[in-house]
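Here the structure comes first, spelled out in structure tokens, and everything after it is commentary.
Order of writing sets the labels: A, B, C and D. Residues in every chain begin at 1.
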Amino acid sequence: MTDPTRLDGDPGEGILSSLEHMDAGERAEHDAAVASSVAPTRVSTVAQGETLLAVDGLTVRFGGLTALDDVSFDVKRGEILGLIGPNGAGKTTCFNIMTGVYRPTSGDILLEGRSLSRMKRYRIIQEGVARTFQNIRLFGAMTALENVVVGTDARHRTSVPGALLRLPRHHREEKEGVEKAMALLEFVGIADRAADKATALPYGYQRRLEIARALATEPKLLCLDEPAAGFSATEKDALSELILKIRDDGYTVVIVEHDMRVVLGVTDRLVVLDFGRKIADGHPDEVRRDPAVISAYLGGAIDEATPAVAEGDA
Amino acid sequence: MPATPQAPDASGERVIASVLDPAVLTPLVVHAQPWINFDVGLLVDRFWANTINGLAYGSVYALIALGYTLVYGVLQLINFAHSEIFVIGVFATYLTFLGLGFQPGALPNLPIAAIILDLILAGVVAMVVAGLAAVGLERVAYRPLRRRNAPRLAFLITAIGASFAIQQVIRIWRGSNPEGTIRLLPPSPVFTIFGAPITNLQIIIILASLAMFVVADQFVNRSRLGRGIRAVAQDPATATLMGVNRERVIMITFAVGGILAGAAALFYLMTIPQGAVYNGGFLLGIKAFTAAVLGGIGNLRGALLGGLILGVAENYGQSLFGGDWRDVVAFVLLVLVLMFRPTGILGESLARSRA
Amino acid sequence: MIRRRLAAAGALAAAVALVLSGCANQGGGQQQGGGPAAGAPSQPSDAALPAGNGQGRCAPGTSIGYAGTIAGQNAALGIAIVNAAQLAVDQHNAANPNCQVTLVRADTGGTPDTAVGPTTGLINNPAVLGIVGLPFSGESRAMGPALNAAGLVNITPSATNPGLTQNGWTNFFRGLGNDAVQGPAVAGYIQNRLNAANVCVIKDDSDYGIGLAGTVTQALGPRASCQIDVKTNQREFSAIIGQVQQANPQAIFYAGYYQEAAPLIQQLRDAGVQTTFIGPDGVKDEQYVVNAAGSADGTLLSCPCVPQEGFTDFSNAYRQAFNVPPQTYSAESYDVTTILLKGIDQGAADRAALLNYVRGYQGQGLTKRFQWGPTGELTSTPVWMYKVQGNQIVTDTQIG
Amino acid sequence: MRERMHTVSHWWNAQSRPVQWAYMVPVVIFILALPVINPPIITTEPYTDFPISLFNAAVFALIAIGLNVVIGQAGLLDLGYVGFFAIGAYTAALLSSPDSELGVRYPWLVIVPIAMLVTMLSGVILGTPTLRLRGDYLAIVTLGFGEIVRLLADNVDPLRGNRGFQNIARPGGDFPDGTPIFSQTDALGFYWLAVIIIVIVLLFMGNLERSRVGRAWIAVREDEDAAELSGVPTYRFKIWAFAIGAAVGGLSGTLFAAQVGYVNNQRFDITTSTLYLAAVVLGGQGNKVGVIVGAFLVSYIPDRFQFEPTYRFLIFGVALIILMIFRPQGLLGMRQHLLAYGRQAYQKLFGAGAAVAPSGLSASSKARGDLAETTPDDHAGTSPRGGGE
């Protein structure tokens, strides 16, 4: 079967309608084709299961407040790592450092051995760390498809003169980008609203669209910031399924999430932060039983009311 | 170049010092040698006189800048027509002078108490008229847009339209020549600081402006209405939920801005009695807006500081480079300050000004 | 409730102010008018007036145009000109039942780019036989080639840049002396009569100010020891005053207009600078005296124009028609409009004829004797010095 | 009214691009013929020359197209755009006027690329330090830049201040009857040239819009942080927006200078800058056709009321307020196509018959998984701005 998302040829009745008439086998074949066309193509210097991202002695201070205090952990290629902790523990700060929103006071972050902490933000994304946002931040005036194509542009090289004069590279990349974006929309399950403005999408679609946009940059590491926030139980299950599907497609995922069902359902390993310090790191089942973690979460219930200084997004 | 003498206003002066730093200016000056003066001697000689004059003139900038900053704080709107509110204030002052029987060209021969009373009366009329005009402007040009949830730039365009309209109405009504000069109080030196004479006018204007500023600052920070203003500035949605009447707050904000512009109008006309002309607000408005941004727009104290710094810096710049570089100095100063402090010198918002 | 009361009080105050101001304004106006100062030459008895002999005949619809600013920036100067032109046309039409001339107004906005459309409108209007304008040198430069190509006679009542007559235009005439005439005369006066060895030349950024300051500075040579620049619309001069105080000159020449000169002289005098202050025709205006509010006394004013205080008929008629006294260049505009009207009255029925008429014109006007050389400059331009005395502009002496 | 406009835009979007272009041809021909037809009521004559008025409107439109890149697409509030226009005009003056100290007389066609390059460079020079500023701070800095450019023209001797430059080069060529095509008083040639330039610039702008460049600009406008964290080099693309906007401003400056034949320091003030802004916002920022309509109105209204000079700017000011109150989103709403292969992609997804207008209305009634029912047809061409910011 040909790749379903190629633009060439007669559109006919369209992909979405033709899906209707497929039997289960054809459907599985179609889905596999979609999955393979969104799988990462970048060569990684790191083998499966080896350290992809190393967080090394990370310390962040805002004025007198220490948001992260000498935090170190690794992310292995191909795993789903959960980053958890009570409110104000420094999870989002950690994400913000990983994606260059803040700069660390000391310590470093290394992706495949290369330091990210001095890199410009967009360079970090191009290097391979993509993220979604706790409070959804889509480009409201763009369609869903266009939003995802913006993600693919991170890997494109068309220059401004090239776009102005429509040089061959522009055509090639435009085509590739759109094809990839269509596949991604199908992959995350929102292709039916591809032509809608992002702001017009239902909430769940917007979350999935953010994931599709992040995946479009072909990340070596995908960071999901509370992707299940505001979801119903069914939606959470569907999301867990999607996260696993993403990992199975060859991506490495770090997830910050409060919902323990999602966390325990998908992660291979957990890192627990409390008051900016790492208090546990290991398999979810071990971590659950860790007394330090239990006491942190009990305390966390009390701390719920304290302002989460470091949790803000930008 | 001799060291810039130490000035009391530390934070402000530091900025000026960096602007006047020869290392910053040398390339510019060397390059521009044929067209630009560089008279350090004059700058030093006139330092104190320039400072005093600059503070007095800067007070007028500051009072107008407060209007920009208040409206900006509450609505995130550059009220481009604010300069026209100021002009309305100038004409209100002038017409009150005429109404009180003063004649253009002649110097009044009245006891000082009567003159001060007349000035206060004119100031009150100007403040009331400008305040009402500001509220009227808000009703006509902004409120309909707010009702329609217009994008921010739409407000800018109605502001420009209103600015044109007000200017033209004044021109058609009063003609395009400046009004004949009415001067109630000629300046006379009262004492000197480091050889720089300080006139009665300058003392009145600086003190009265500071008083106006303190009143406005206290109003915004201490009164119940002021709390409403700050609440709306911080978070309009929550403020509305908490029972703050947003429309009323906006109206009051415009009124306060207009009243301050009215006071500025009186002080301006006292300093520059030839200033009553239909397009006289344009440059002042731009400068005042610049001052507001310089200090940190949305911040009352920033507006005051920005106005004073701009007034002083313009005078230094004029002495240093020549009169035709005055406005260039103002804008270059702005660019330089924003380069190093991207949200102005004080850089807070109205909402957090007392945090 | 409070709001309503406040609004009412405000409206009342505004209304009172309005009524009072209306009265006061009229009062002020009459007072300013005054009579001619003693010793001023009276209106030339042989001055050409727009009414003519009442025997003018012309085709219905015959028009002359005014091209210049009416509503844009610097509109004041344009309005002083267009009003005087309108007055001349109205007087002409009242006296000549068989020749009703229309004044077509084209608002150029005073800037070169906005001048193109309206002026071209005049050029393309075949009824327009001649043009009064354009007031500013910039727009005159921009439109000169087109007006010349159209053969449309064009008399400017106010553009004084010497370069305008050096473009080879055959249709361009200047209704007043240019800067090159006035500058040396003023310099001579400063040198010989005032014996000032040390002169500050202050100029604004207008074409007029720059040109005039240039000729004066050149003629003064090393005596022009300090040069100071101000901006159009500037009203605050404290830093300028500092420069003057440091230079400590024996005379100050200001090249610019009265709008800036009035606050400048006031602030100079306030600061205790009592140096002799000399201004050009752009400053020689009743408004200068009024706006300087007492500080103008003793100011010397040069002008390439015959003393004007005696033109009471013109001044009164102007004041009656427009409620303000005539201003800078009003009289020049009145004179040049009169010349165009005379040409039409005497049978010039197309552009070429009117152009020819103006080219050969010789005659006395209110402001001076009009006769043009081949380039369009007046053949003789007397320069007079005036001075402000007791809040009146009085004639001092002829200086060139 | 609104409904009808949406039907029209829906129909329009359903047409293929070549068909759209085919429809555009007669429109462009009509626009070109306008000064020749000289329609009554619309004409500004006899008070001001109609072709010149149209030429000025066309220059205004070109400026608005350039400014739209900066404001409408990249969302950067530029209040000093007139500075670029001035730099373009002065470059033309310096390179071709006999008054210039450079002493060269280049033909207009040589001047145009040089002027565009110079303005582009000045856009980069202005943008490099300032584009790190956000929102209104950028606005005031650009306003300052515009003023600085004007004041330099005032103060720097070789730029001749108010005296200005005469006899600036025009393009050559004669009509069959021997009169020059490009002259000051017969603006027909210049008007046609301006319209053709607008069409070409629009084509290029369309190319940019449907590329990563256009998407980067819109992304910056919508959410700058999110854009950067999605891999958009925001700063670089903002500078590009400034540079490209500036180049178009410079191009219009040369066109203006050539037609008037004279440049001095008047007309490059803040008021002019705000009028440019008014053109963009009035027409509908982010909509290329919209800004052209806006520019036409802003330039045309004062000309049309030339017969009443005393009141024309009052009328203009009141008209601005009224138009803005009744169409706060601009006369035509924001509208953009950001994908070079968007049409094909949407058709591939939804079938050959699908219209491909990006839509804004949420089809909330539709079940989320209901693939078969959901084609963009159902809700295409609705509210242009989506659900808000």
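Here, a contact is a pair of C-beta atoms (placed from the backbone, for glycine too) under 8 Å apart; a residue touches a chain by one contact, two chains touch by 3 or more.
In UniProt terms, the chains line up like this: A = Amino acid/amide ABC transporter ATP-binding protein 1 (HAAT family); B = Amino acid/amide ABC transporter membrane protein 1 (HAAT family); D = Amino acid/amide ABC transporter membrane protein 2 (HAAT family).
All figures in this text were calculated on a predicted structure; none of them were measured in a lab.
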If we define chain centres by averaging CA atoms, which chain lands farthest from chain B? Would you check? A
Which chain, with its centre taken as the mean C-alpha position, is closest to the global C-alpha centre? D
By count of C-beta pairs in contact, what is the leading chain pair? A-D
Distance between chain centroids, defined by C-alpha means - chain A, chain C (Å): 74
In whole angstrom, how far does the Cα centroid of chain B sit from the Cα centroid of chain D? 34
Report the inter-chain centroid distance for chain A and chain B in whole angstrom, where each centroid is the mean of the CA atoms. 50
Here the gap between chain C and chain D, centre to centre from mean Cα coordinates and rounded to Å, is 40
Could you list the positions in chain C whose residues touch two or more of the other chains? 71, 205, 229, 231
Residues of chain B that touch two or more other chains sit at 168, 324, 327
Name the residues of chain A that each touch 2 or more other chains. none
Touching pairs - complete list by chain label: A-D, B-C, B-D, C-D
Chain C residues touching chain B in their complex are 6-7, 9-10, 13-14, 16-21, 24-25, 27-28, 31-32, 71, 73, 75-76, 79, 205, 228-231, 233-240, 242-243, 246, 259, 262-263, 266, 270-271, 287, 289-294, 324, 327, 391
Per the contact definition, I'd like the list of chain D residues that touch chain A in the complex. 204, 207-208, 210-216, 218-219, 221-223, 225-234, 240, 244, 286, 334, 336, 338-342, 344-352, 354, 356-364, 368-372, 374, 376, 379-380, 385-389
In the complex, go through chain A and note every residue touching chain D. 5, 7, 10-17, 19-20, 99-101, 120-122, 125-126, 130-131, 133, 137-143, 145-146, 149-151, 153-156, 158, 160, 163-166, 170-171, 173-175, 177-179, 181-182, 191-202, 204-205, 213-214, 217, 314
Residue positions on chain C within touch of chain D in the complex are 70-71, 105-107, 110-114, 116-118, 120-121, 123-125, 137-138, 141-143, 145-146, 149-150, 161, 163, 167, 205-207, 210-211, 229, 231
Within their complex, chain D touches chain B through residues 71, 77, 129-130, 132-134, 136-137, 139-141, 143-145, 147-148, 151-152, 154-157, 270-271, 274-275, 277-278, 281-282, 285, 310-311, 313-314, 316-321, 324-325, 328-330, 385, 388
